[in-house]
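One structure follows; several queries about it will come next.
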Amino acid sequence: MLTDSLAAQLYAEICRIPLIDSHSHINPLQAASRSLDDILGYHYYTELAHSAGMSKAPLAAHVDPRERVRIIIEYMDRFDNTAQYGWFVDIARTFLGFTGERITPADATGLCETAERLMAQPDWEEQVLRKSNIEKVFLTNDFDDPLEGFDTNRYVPCLRTDDLVFHLDKPEVRQRLAKATNVEVHSWRDVQTAVTKLFEHFTRKGARACAVSLPPNFTPTAAARWEGTTDPTVRSQAIFWLLADHCRAFKLPFDLMIGVNRRVYANGVYQGQDLFDQRTSLIQYAELFNSFPDVIFPISVLTSVQNQELASYSWIFPNVITHGHWWYSNIPVYVERDTRARLQAVPKTKQIGYYSDMYKLEFGLPKFNMYRRILAGVLADDFVRAGSHSETQALELARLLLRDNSRRIFGV
Amino acid sequence: MLTDSLAAQLYAEICRIPLIDSHSHINPLQAASRSLDDILGYHYYTELAHSAGMSKAPLAAHVDPRERVRIIIEYMDRFDNTAQYGWFVDIARTFLGFTGERITPADATGLCETAERLMAQPDWEEQVLRKSNIEKVFLTNDFDDPLEGFDTNRYVPCLRTDDLVFHLDKPEVRQRLAKATNVEVHSWRDVQTAVTKLFEHFTRKGARACAVSLPPNFTPTAAARWEGTTDPTVRSQAIFWLLADHCRAFKLPFDLMIGVNRRVYANGVYQGQDLFDQRTSLIQYAELFNSFPDVIFPISVLTSVQNQELASYSWIFPNVITHGHWWYSNIPVYVERDTRARLQAVPKTKQIGYYSDMYKLEFGLPKFNMYRRILAGVLADDFVRAGSHSETQALELARLLLRDNSRRIFGV
Amino acid sequence: MLTDSLAAQLYAEICRIPLIDSHSHINPLQAASRSLDDILGYHYYTELAHSAGMSKAPLAAHVDPRERVRIIIEYMDRFDNTAQYGWFVDIARTFLGFTGERITPADATGLCETAERLMAQPDWEEQVLRKSNIEKVFLTNDFDDPLEGFDTNRYVPCLRTDDLVFHLDKPEVRQRLAKATNVEVHSWRDVQTAVTKLFEHFTRKGARACAVSLPPNFTPTAAARWEGTTDPTVRSQAIFWLLADHCRAFKLPFDLMIGVNRRVYANGVYQGQDLFDQRTSLIQYAELFNSFPDVIFPISVLTSVQNQELASYSWIFPNVITHGHWWYSNIPVYVERDTRARLQAVPKTKQIGYYSDMYKLEFGLPKFNMYRRILAGVLADDFVRAGSHSETQALELARLLLRDNSRRIFGV
């Protein structure tokens, strides 16, 4: 797939670096897929099929999974140009022995059967991780996750706090919090106590990061007071600040995923409803970055437009780290450009190259492959051929981006 | 002009696809040029010459057209680096037998004579369309256009509604509307009646789209009420929503051209005064896209900055289509990048690759050539060489972008 | 460093064009460095070392300069991927005889000694200028600079007005102004008188431009009145407008450097605290550009995101000039893209390709080298190979960008 021989050579070497995947949505109790329906249930496929004309009916729970798979594949010839389709072909070839050129509805039943047979093997999860060369996978854990029953050395817990920051006024969230912490939230003091308990629980269980996704207009500030207001924005700001302070106290990096508007397409498929407003700026986080010099902030931005801000803020602020290529920016043209900008402007020790954002383990390989190909091309053109780096030095750079920086920053 | 042999080969094949040009400003009663003055009267040349130092005097109506042509060509050696100059050379070579390297004032008289001689041929229009391989050209018709005297199968009517949305409070617009519809607008009911009559007239005459250009801060909303306010923004919103509702009822796609500020350079040449504010977002259209799931919205954005939003919104919303490369984004560096992003992220059936935006037929060829060269390069690099597509499949993709998607979406 | 032979050939020829450096921070009384500490005192190194983990302690005045150099070099292996590190290696090789691959702390003492020995030569400044092929360097002069003691033909004065626009209400600025002009500012009339005296002084001394850097939200307007308000924004607007009017009267181009927020990282190193908000638009300057058609505005934008606006505004407004690649946009990936857009869309006579922004003369060479390599690549790909320009014509284009346009626009 890489016609440039230097890039192909670098790619082959880069693939030998064991990966630390610093952000995913893996369920560690069922990390790998059990069927093709698990694979094609990824929102990228359901939303692209829906966008291309498929109704939401095949996605209903009662529909036979194989029938659902067949229908989604049927619609694929409307989006077989996309990067996401490419991931699926990569999975079919690497994990399911597919040898054809394109995947058509005629392949559906065969692929479903192969998938069920192979994925039923007791060591399937191990096989996938081994083939993908992934060593550790960070999770996205609800605050009330017991974090039991899995190897937290392989699947690293991460406290996801969207519910706390944006939904704490909802009764069901308060109930979940009460159940998790034995604290009923009536006052700001209660919020503080509950959050401290959560951090104690998570760090005891090996959590290595706190994380939150934020809308484009969010602006953290120390001035926000939770008590004495019912303004949801101010309450969100207050809790956010409290979390940052706990990250400081518990020495956890605080992953910020900046820029998503939820439910923009209200009738979209599950997880296929969120979009963004490009008009956002990291200047909104200046007070935060200044106030917590000891907290490391790995930052994901949703748009390539904002990548110049990210590269520049990371170039200036010691505690700002560039973190992966998120969601709508995770297509080759933007990954390449953003990678080049970061490599030209940000200290190499402050960059985490990529994470999978995956829900099922099988996606680690095709997504990291996409990134590794791009990285190999950038290293070949901008560093080795430009004369500034030997191949060995270029590979050391890749190793920082794919492994060593994550190990140091998250302490794993 | 393409040094890559695979791209050159794809380009040659792409040029054989008969084009549907989904947006132009052609006057179907006088579609082709009659002189070089018609060619160089295109605002790209007058505004670039003016920007480079030419006064507006040569553009006055009383100036001898040949003298005007000579002066504009004289200034061309100040902007012969631009893509627009390249179009002119392409026209001179393809249509006027020009064989030199660069066009200088010494060529002016000869070119004028050749142009007048050739363009006087009765079949000139046919020749131009044949050489350009253009099958259909969409128009931009004022709401009071009688749509008579031309083949609406070749020149497809399109109801342009800027006057209705933004200028209906002007007496002259109301008079034109009254004349066209026999409705004097006093109440919202009158507006509704008049608009319905326009849609009836246009669809009876074969119109295939409704279109409007919108300023960066425009935000459509169902909440806007025309009656009871004199706020021009609210009135514009109300009429816009009414038009969207008529597009639904009359099953017309609604072309939105988003982002232009009119008369920013107030003393500029005719049509050379408009610019933009990059701070705009498609989030402003979320309510619209959600409210009219049955209306197809082919969207043009004015900046490449906003292209990531367009690609993402089209990836999620079934009714959002990426539409061409408009105006200030219609230069190779942006066309290439935006094309790559769309091809990597948006279902291939939801992309209309390019339109000419031309005022005279001769511009179809150089503008589409520019796009076809870029498309050929992107297909060669990102699809054929990357191993995901055969050459045949890549050409099928090109055919969707240049022809088949327009046919399906606009029903032509 | 350029593997493409056509680009390498163009680069070699481009390097022969004597440069006009249209913006720098050179102190003409001590233009060249006297030690490696002068080189590494450039904020790019101190801020990158600090961002990568170095405390500010080594930057204190009492620290031994050689020790400071050693420490900064020690941190370089955390940012030796950056363009800025590349400049330093280029300086070490070109001016200090360094022949190694990478610069390590083991090289520090040797390099310091070599630097001190070579830089002590009486003709060092001449050597640097000759090797760099720089003919003229524009300065950034405080309004109270006496402009004495140097050759204003080589070091061209430029009136920098940030203090006047944004800090005139500070007592120390008023004192400096009073000392420079013999005018104590009490009324608007006083401000006018003082500013006129400054322009008289500067133009008498050979100043060729007025310049100011502006925050992202700044919007000039003729409506602002200095008297009768204490609003600092309105006062800034009023003074800015007065300066534009003086540029008109004194026929000076007004360099606008748009988009910087000062002291965003308040605890950063000296000159390493400023960042930006990408949400800014040139539409904010429409009134200005329209009001002063006779004033030429060379515009620098801080983000590549805004470059499309710059290219478009320069394509339309006769008095808007594209000016260099400023600060956070001065890394190869952005320089290349922005250069391509400008060359495809803006009259070639309206582009000033690059300036050094340097504080010490030694930086002219590596920075212009970076630009010249990029320019050579763009000319090779987009012009010569694309068939629109011969090599000679491409080099004429380069000459405009690097020399002739600056000469004409600034009258030097």
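Order as written gives the chain letters A, B and C; numbering starts at 1 within each chain.
As a working rule, a contact is a pair of C-beta atoms (placed from the backbone, for glycine too) under 8 Å apart; a residue touches a chain by one contact, two chains touch by 3 or more.
None of the values given here were measured: they were computed from a predicted structure.
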{"item": "Angle (degrees, nearest 5) of the CA superposition of chain A onto chain C", "value": "120"}
{"item": "Type of chain A:chain B copy interface by residue overlap (half), same or different", "value": "different"}
{"item": "Euclidean distance of C-alpha centroids - chain A vs chain B, Å", "value": "39"}
{"item": "Shared-contact residues (touching 2 or more other chains) in chain B", "value": "279, 305"}
{"item": "Residues of chain C that touch chain A when the two form their complex", "value": "1, 3, 47-48, 50-53, 78-83, 86, 89, 101, 261, 264-268, 272-273, 275-279, 303-305, 328-329, 331-334"}
{"item": "Of all residues in chain A, those that touch chain C in their complex", "value": "279-283, 286, 289-290, 293, 305-306, 308-309, 311-318, 337, 340-341, 343-350, 382-383, 385-390, 397"}
